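Think of it as A, B, C and D in the order they're written, each chain with its own count starting at 1.
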Amino acid sequence: MQELEVETVADADLTNPVFVEGLPGVGHVGKLVAEHVVEEGESTLVRRVYSEHFPPQVTVGDEGVAELAHVEVHAVETEGRDLLVLTGDHQAQENAGHYRVTDAFLDIAEEFGVSDVFALGGVPTGELIEEYGVVGAVSDEALAADLEEAGVEFRSEEPAGGIVGTSGLLLGLGGRRGFDAACLMGETSGYLVDPKSAKAVLEVLESLLGFDVDFDALDERADEMEDVVEQMQQMEQGPSPGSEDDLRYIG
Amino acid sequence: MQELEVETVADADLTNPVFVEGLPGVGHVGKLVAEHVVEEGESTLVRRVYSEHFPPQVTVGDEGVAELAHVEVHAVETEGRDLLVLTGDHQAQENAGHYRVTDAFLDIAEEFGVSDVFALGGVPTGELIEEYGVVGAVSDEALAADLEEAGVEFRSEEPAGGIVGTSGLLLGLGGRRGFDAACLMGETSGYLVDPKSAKAVLEVLESLLGFDVDFDALDERADEMEDVVEQMQQMEQGPSPGSEDDLRYIG
Amino acid sequence: MQELEVETVADADLTNPVFVEGLPGVGHVGKLVAEHVVEEGESTLVRRVYSEHFPPQVTVGDEGVAELAHVEVHAVETEGRDLLVLTGDHQAQENAGHYRVTDAFLDIAEEFGVSDVFALGGVPTGELIEEYGVVGAVSDEALAADLEEAGVEFRSEEPAGGIVGTSGLLLGLGGRRGFDAACLMGETSGYLVDPKSAKAVLEVLESLLGFDVDFDALDERADEMEDVVEQMQQMEQGPSPGSEDDLRYIG
Amino acid sequence: MQELEVETVADADLTNPVFVEGLPGVGHVGKLVAEHVVEEGESTLVRRVYSEHFPPQVTVGDEGVAELAHVEVHAVETEGRDLLVLTGDHQAQENAGHYRVTDAFLDIAEEFGVSDVFALGGVPTGELIEEYGVVGAVSDEALAADLEEAGVEFRSEEPAGGIVGTSGLLLGLGGRRGFDAACLMGETSGYLVDPKSAKAVLEVLESLLGFDVDFDALDERADEMEDVVEQMQQMEQGPSPGSEDDLRYIG
């Protein structure tokens, strides 16, 4: 195998599509959005990307069939802008690997005539969230106005630690290669997989790109997570209600 | 030395051989099977593979003679299908290394006209085992039926963490290169070297490939391990039976 | 992206400039000096260096604009020798990366006709400092006399652990390439960002190169840090003076 | 800088020299021997080897002069066989680095017409030593007899963990390239720098190669270490002699 292999699974005739990335990360927010759009929308798997920068690993599926570590690009036709959605279970595992894999993703975007890139993710707040804000970062100042109109907040020098991994490099390398790239980060506690944060990000994306997918599956997962959180909170309050000695951090 | 060096030790004229891998891993199950087949069968060492992806190390043998880290491929002629058995003491130690070393193994398989690959290993259950099941994964759905007939169980999305290292990549890369690849994983506690699990895997392999090797050596090692486990259990029960203070986890 | 990319932002016509490096390190001493000189002096950003050896990361600036990890070279014209100042938020993250990135920095120095290199940093003493000494190391014995005259101390075999990272390699690789390279290390506790140590280093540098920048901003930061240290010391003395139970290490 | 750079410092006209390696390792035994031979013998520094596989670091010497991480090869003329002695403060820091650096050392050996390689080191016993044995390993069984005659012990499959790093690869790679390579490992507790173990190894080496260097410096260092050990033992026995409660492991 080569360092990077892009497998053409199908072709798709998209009109001025937008590249949307949702790989594993904080609260799995980006991955939840990307997978939801692929599942609910009219989507075609168009590319698989394999790389020796991914873990040396297969995952085992429904019938015991093993699949080599890879990420996938799906073409999704919508009533608004068409989408080219990158998702999967892996990120690269070393510095140079991240740079090279992200460059390959941008090559695919270029091949499909993409000029706009959205990297989706979560921003950890460290506390349970009531109102799910969406924080933005852009490769070019001129991109901020449209995003702000769609409800995205821009906070000076946030996130403080920068944006790491594929999402960060899609902005950084993407911007240098001439793409208009933005990162949408849903606020999330950072402790749990967070479908509510994913919904907040998806709503912004829909508003920006003029498409519309059913939220039911995401709402269901959010309800399940609510139940989990409630159970955890009850466990924290302990057998004798009123005792507060037992309040512990939700890790 | 090159990144990878395949040394030809001998040649062998095998008819439609099967590639069988048993490198170190969970419970050393795969390695035990592979070494047992090489020792009991009519085998010839045909290739040594050296790589800078292996540890920078020599092992010291019987007469103080040092051998550079490598793995070995043995040709084994049987009354059933001939075997090409990969075994040794090392796996690669980084992502890219795993990919490159496994590709080299598949090159050797190809050179000998192999189309079927079996990667052998263990699947950890976390508890001592009574009945040693063998769990399977395949590069292609069509391969499952024959394996199931031989007693292999297929469990949806198991092992949950996927299959890592050479075994995983023999399926993943092997499948992509057109090999029919399967992984046979003996259930094992995961705490100890497990010759019983190895025997269960070997029985499946024999049934699939129509060969037959003496089990005595493996049974002996299994008996030795039984003694070890018994001693550990007695130590756990402590000098004064009835006292339960001393129950400890078998690590 | 290539392994290393040097972006030309502007050109500058410097006369026999001196290369000055201040990247993150012990007490951020080098970085404080370099940034102070760039901010207070008449400076032009001339080069950006990107590399896959830097973290796969963007930082988010004032308007939510993301910048790919990089370091910067600024041309600073002074009444003394002109300066070419390297600063930024990143160092390479692996052995080979450090060597390759530092070689690229020296290429830039060469391009600007530099023959003298100053690597700035801190040397940790493990205790709070009263008098901020500046310790030196040089690529060539002949360079020591001028530095000693400017107040730099040379201590045999110090720092004991050598000088690591870009500063060390600017001496090591720089010396081998024919540069006259020196490292100026301000004594610092090692526990805190240390503007006072930075001031001590800057004074030496000014004396050596005959330039003069306003110290106000650095003094202000030093005063802020003084306040922080005082508060920490008061906290250590606890609410009831005399109690020594609460004495803790300043980490 | 290239991945590996061999700098010619001087040439030497040696007759059928033996390559002797003593880099940092267990008890610094190999390094002590190599440095002692270089210091006491009639030696010339002939090569420096730099590599991006060494740490990105300079060491600071007597006059504050920095030296880039490297190892050195010295030609030593003796009344017996001439020596080519490799010593220094660094080993490579990654798998592939170890292989590549060791291959470069063997290239130098080849250049000087060497056919015999001795890798020197220590073998940890975990306890304080009375009689310092020297354990051997060889690239070829035929080499053992001469070594045994000189007092080297060969113990089947020892050291159990193999021999790692440059010493191991000089045997492993050296053997594959046609050198007659042996490793001499002085028994040492493994807790302390061990000049006594070094002396034991040096005596074997002298007997094998027919040369003779003054032991005084090594004996002095051994006496110093004796004092250190005695002090440690007294500290262990505590203020009240006779009490044995306080005997603790020397870590």
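Simple rule for what comes next: contacts are C-beta pairs under 8 Å (C-beta built on N, C-alpha and C of every residue); 3 or more make two chains touch, one makes a residue touch a chain.
Listed by chain with UniProt protein names: A, B, C, D = Proteasome assembly chaperone family protein.
Please read these numbers as outputs of a predicted model, since none were measured by experiment.
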Request  = Pick same or different for copies subunit C and subunit D, depending on whether their interface residues overlap by over half.
outcome  = different
Ask   = Measuring from the mean C-alpha position of subunit B to the mean C-alpha position of subunit C, what distance in angstrom results?
value = 53
Key: Whole-Å gap between the CA centroids of subunit B and subunit D   = 38
Ask   = Think of each chain as a node with edges to the chains it touches; is that a line, ring, star, complete or other?
value = ring
Task = Would you please name all pairs of chains that touch?
result = A-B, A-C, B-D, C-D
Note = subunit B partner, complex, touching residues on subunit A are 1, 3, 50, 52-69, 93-94, 97
Ask   = Inside the complex, what are the residues of subunit B that reach subunit A?
value = 92, 95-96, 98-100, 102-103, 136-141, 144, 154-159, 162-166, 168-169, 171-173, 175-176, 181, 183
